[in-house]
Amino acid sequence: MSAPALEVRGLQVLVGETEAVRGVDFTLEQGARTGLIGESGSGKTLTALAVMDLLPDGLVARGEIWYRGRDLLRLSERERSRLRGDRLTMVFQEPLSALDPLMRVGDQVAEPLRLHRRLSRTEARARARELLERVQLPDPVERLRAYPHQLSGGQRQRVMIAMAVACSPDILIADEPTTALDVTVQAEILALLERLVREEGTTLLLITHDLAIVSQVCDQVLVMYGGRIVEAGPTAEVFSHPRHPYTLALLEAIPPIDQQLPNGRLTQIPGAVPGLGEFPSGCPFRTRCLRETSCCSTMPEMAGTSHPVACWHPLS
Amino acid sequence: MRRRLPPSLLAGGVLVALVVLVAVVATIWTPRNPTQVDVVRRLSGIGQNGFLLGSDQLGRDELSLLMAGARTTLLVGVVTVVIAVAVGVPLGGLAALFGGALEEAVMRVSDVLLAFPALVLAILFAAVFRPGTVTAMAAIGIAFVPSFARVVRGAGLQVMEQDYVTVARGWGSGPLRLMVRHLLPNVGSVIIVQATVAFAIAILAEASLSYLGLGTTPGTPSWGLMLAEAQTYLAQAPLLGVWPGLCIGLSVLGFSLLGDGIRDLLDPRLVERMAQT
Amino acid sequence: MSSSPLFEVRGVTKRYRLPRTSVFARRREIVAVSRVDLDLNDSDSLGLVGDSGAGKSTLLRLLLGLEPPDEGSIRYQGEWRRREVQIVFQDPTRALDPRMTVAEIVLEPLRVLRLREPMSTRLSELLDAVGLPRAAADRYPHEFSGGQRQRIAIARALAPRPRVLLADEPVSALDVSVRAQILNLLHDLRDLYGLALVLVSHDLSVVRHLCDRIAVMHRGEVVEQQQTQSLFTAPTHPYTVRLLEAIPRLRWRPSPRPSE
Amino acid sequence: MGPLILSRAAGLVVALVAASVLIFVVVNVLPGDPASVILGTAATPGALAQLRQQLGLDQPAWVRYLEWVGGMLHGDFGISPISRIPVGPEILQKLTVSAPLALGGTLVALVVAIPLGALAGIRHRRPSGVVISALSLGGMAVPAFWAGLLLISLFAVRLQLVPSGGFVPWSQDPLGSLTSLALPCLALGLVQGAVLTRYVRSAVIDVQRQDFMRTARAQGLSRWQALVRHGFRNAAIPVVTVLGIQLTSLIVGAVVIENVFDLPGLGLLLFQAVGNRDLVTVQDLVMLLTAAVLVVNLVVDLSYRLLDPRIRAR
């Protein structure tokens, strides 16, 4: 087996004094499609931004992020810029605000190519057209001259994806790429994303709150809650035999699409997701967990090899 | 929930409080009679002849004049803002509430009025009517009306789009009820911010007008007037050209900071953040 | 049971004028809802699904009676639509006036509609019904989490004792782990008060969970209307087929455990 | 864009007409008898009658309005009842002072505000940004005429580098004209620049929070590259929208500054006309200032639409 594409060790993200990401370890295998599941406040987006070195001003990342034998957090800003958009790329949730409203789509798609491949204006434009064809944007030649507001939501997200695959990256991070889209468009975008990373052997980290999407696209899954990864493993394994009470509760809280529940009631998780810095000490889920005992006030480590879980009372 | 007050709010609040305090004290007591002329001891320096900040070209006590000037400044600010709020807020509110032809009319009229900056309108009024504090206040107040109407309309339209208004309309809440129950309470903060900004502009406009001799009439202490008189004596008494300007600057700064601070305090993003944590 | 439905929607069309871009430009119109026929009976639960811009929310506004349709008719056979038809929105932050306390918010409909109710008893009843502590009454919306805010909005909708509850994406803005609470609450309240429910959602699993009948909207039109079960097994319209195929399905689920 | 310009131009005409009616009403109708305003209470009945005839007061108001507007359209601004000089040529002559003053002030303001505002925006958390921000806040609070006074006090009275006021005509000594405009332009520009600095700063801060700036950095651009390629262009839009208000207050500021420096421009003319109760000149000048404000706002509005494709397309 080849070396992992990315290895994150003890990653913390600090918002002022508060730890928003509280020591996260995970590995992205070469060419794997990994889903990162979490709700608001879970720290999933901050984790991704830390990997990309795109954290907002004032937020600090600590720990280690190993990529090709180098710890990204020890690289200079310049070296990290060189990787960004070339080897590591990212697709964001809201494609309208994520594109420069004043710049033509073609120029935006050409930007990473001109920056990293030093292509001339004409070469970059020709390549941009190919890319728009690859992401199946209708009328690519015309779309090159369009401004973002002239495209539909789905088309904009295709443009974002074209930018992200322009330099054939090693790792592509997609943060809720379809949340802002209609169901029918969402399916198309996910299929496109999956096809592109499969063809290129790109390692995918797909961040979402939607478990069904993860089950469709990803072969590995990470479950985050309260700034920690609480469960990880192969998707089929984690979804059919969840070991963390939170994962199980999430799965049971979703109304099934293909059957009617006998009594019409869902299994609900009590309470609300705490705000930043308001999670309890120890296991972040313990205040909402039915299995809570006194030992839960110390944080359990991730235990297990193929399907590790951070819980004192894991489900069998 | 821990709320940290924006520093600009504190600084602005302190400055404004100071101006108000001085103005209030000046109505009861000033070190000397600010209108008492003493030609013998004119243009005294700081501390000379018992004048704490010196005396002006007529031998009046500079400090007392400055204190009394604060009163004029505040009076002009308050009256103009009251005029602007009294006319502009209902107009803007009604425009947001009813939309349609009424809104169109209010907006068009305010567009035209906006082409008259406060100072130009005041000069026009001064030419036609008697120049003086009342004329100046009326002109500045009228010139502020459109900005209040626009701001209230803008904020009001946002309120009207909120789902809680939709719900209230579903029960058949009438325009009056929507205005009193939802619109005004929710645009109140915007009005306060706009009022502090307008107050600062009014102080500047009054000072400029008085400097030009079109505002406060000679005899009534006014910072702008004092600067106009000081200009002749810049060579002999340069400080006379400094004190009143400093007072104007600090008052304007106070109100601008206060407005900034209130805005920061009420910034929707900030409010959102506070709500989340 | 009366034979005529509570809501009878016939051939309803609603157009919106886009704002004029210049004095010389002609006003453009968009057709938000086009020739829609619907029936809603007492205790019915109807789901409206479709892409954004399909006209679902506009149809809800028409049912609420906020504005008249441009063509066609909406007949409400109950007694008093303003009292008997209430609505819950997607984003509880926008749906609650930030300057009012929970008590004021929840009791406001009783005041506006001039219903004679013992206010404080009714308030306690409503807070209990939606699972909010009574101490919530004097607090402001921003002091609550998203799920609790949605409970406040539901309490307000229940206050005038409605017969029909309209819900526009009621759980879409909520955390996944909180959605089930609100869905269960809607489910229980519907059964408890015998409410008719019209639920708009882009999430078919939510609609399937709560609704007996589903109307599929596409570009302003209702293209298909069926009982929930048969819609999922035998969709007829091509758009419905596309929609059903597009839903991301959970490929694995934990097998049901004996309850603990 | 074509129809947009047309419709905006139509709007300008409507606004001009409305403004002219307003001015006419304030000057001619509200006071009752303009002639007695001009001559004061001590006027003899004979002088009054003569002036009334000269002003055409025997005509109905609407006729006088049409004559006034019609005259202005032909470049005829009437004759001052006080100085007996045609107002039109007088205004043209004063423009040779006022226009360079306004332009110079604008230039100073832009040169000050754009680099400083951008710097303050980029470094808004660092000391340099905070210092600039505080300075501009202080500058905003300074009335332009006081700034002029302080500059006179320092450069003219103390250092005696430049004259304390007055104007050397361009035909006599162009260099001298520039020297006499230096301090006024500085006073006007610094104060306006302080306000503009605040706007530039907040636009730059805002733009750095936008999602597309994060996307730009995700493509591998450094912070600085992202600002240059995407940030500044986007920040320019909100700045241009407030430029109209800025230029308006600059025009007003020029009126006051001319009085401070005794510059024989439109502002001084207006001030003297008010002092002389010369209503004909006042009416013309206020109309001219209002027209300038409206035209400036139109140009600003159109140019910001040109910058923004989202609005251009509509």
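Per-chain residue numbering starts at 1, and chain names A, B, C and D are given in the order in which the chains are listed.
One rule holds in what follows: contacts are C-beta pairs under 8 Å (C-beta built on N, C-alpha and C of every residue); 3 or more make two chains touch, one makes a residue touch a chain.
Model, not experiment: these values are computed from the prediction.
Among the chains in view, B has its Cα centre nearest the centre of the complete protein Cα set. By count of C-beta pairs in contact, A-C exceeds the other of the chain pairs A-D and A-C. With centres set at the average Cα position, the gap from chain A to chain B is 51 Å.
Centroids built from CA atoms put chain C at 32 Å from chain A. Distance between chain centres (mean CA atoms), chain B to chain D: 21 Å. Residues of chain D in contact with two or more other chains: none.
Residue positions of chain C touching 2 or more other chains: none. Among the residues of chain A, none is found touching two or more other chains. Residues 108, 111-112, 115-117, 119-120, 123-129, 131, 200, 204, 207-208, 211-214, 224, 227, 230-231, 234-235, 238, 241-242, 244-245, 248-253, 256-257 of chain B touch chain D in their complex. By the touch criterion given at the top, residues 15, 18-19, 22-23, 26-27, 30-31, 37, 137-138, 140-146, 149-150, 152-153, 157-158, 164, 248-249, 251-252, 255-256, 259-260, 270-271, 273-275, 277, 279, 282, 286, 289-290, 293-294, 297 of chain D touch chain B in their complex.
If you check the complex, the residues on chain C that touch chain A are 51-52, 145-148, 175-181, 183-184, 187-188, 202, 204-206, 208-209, 229, 232, 242-243, 245-255, 260.
Contact residues of chain C toward chain B in the complex are 61, 64-66, 82-83, 85-87, 89, 91, 93-100, 105, 108-109, 112-113, 142-143, 156-157, 160. The residues of chain B lying in touch with chain C in their complex are 162-164, 166-173, 177, 181-182, 185-186, 271, 274-275.
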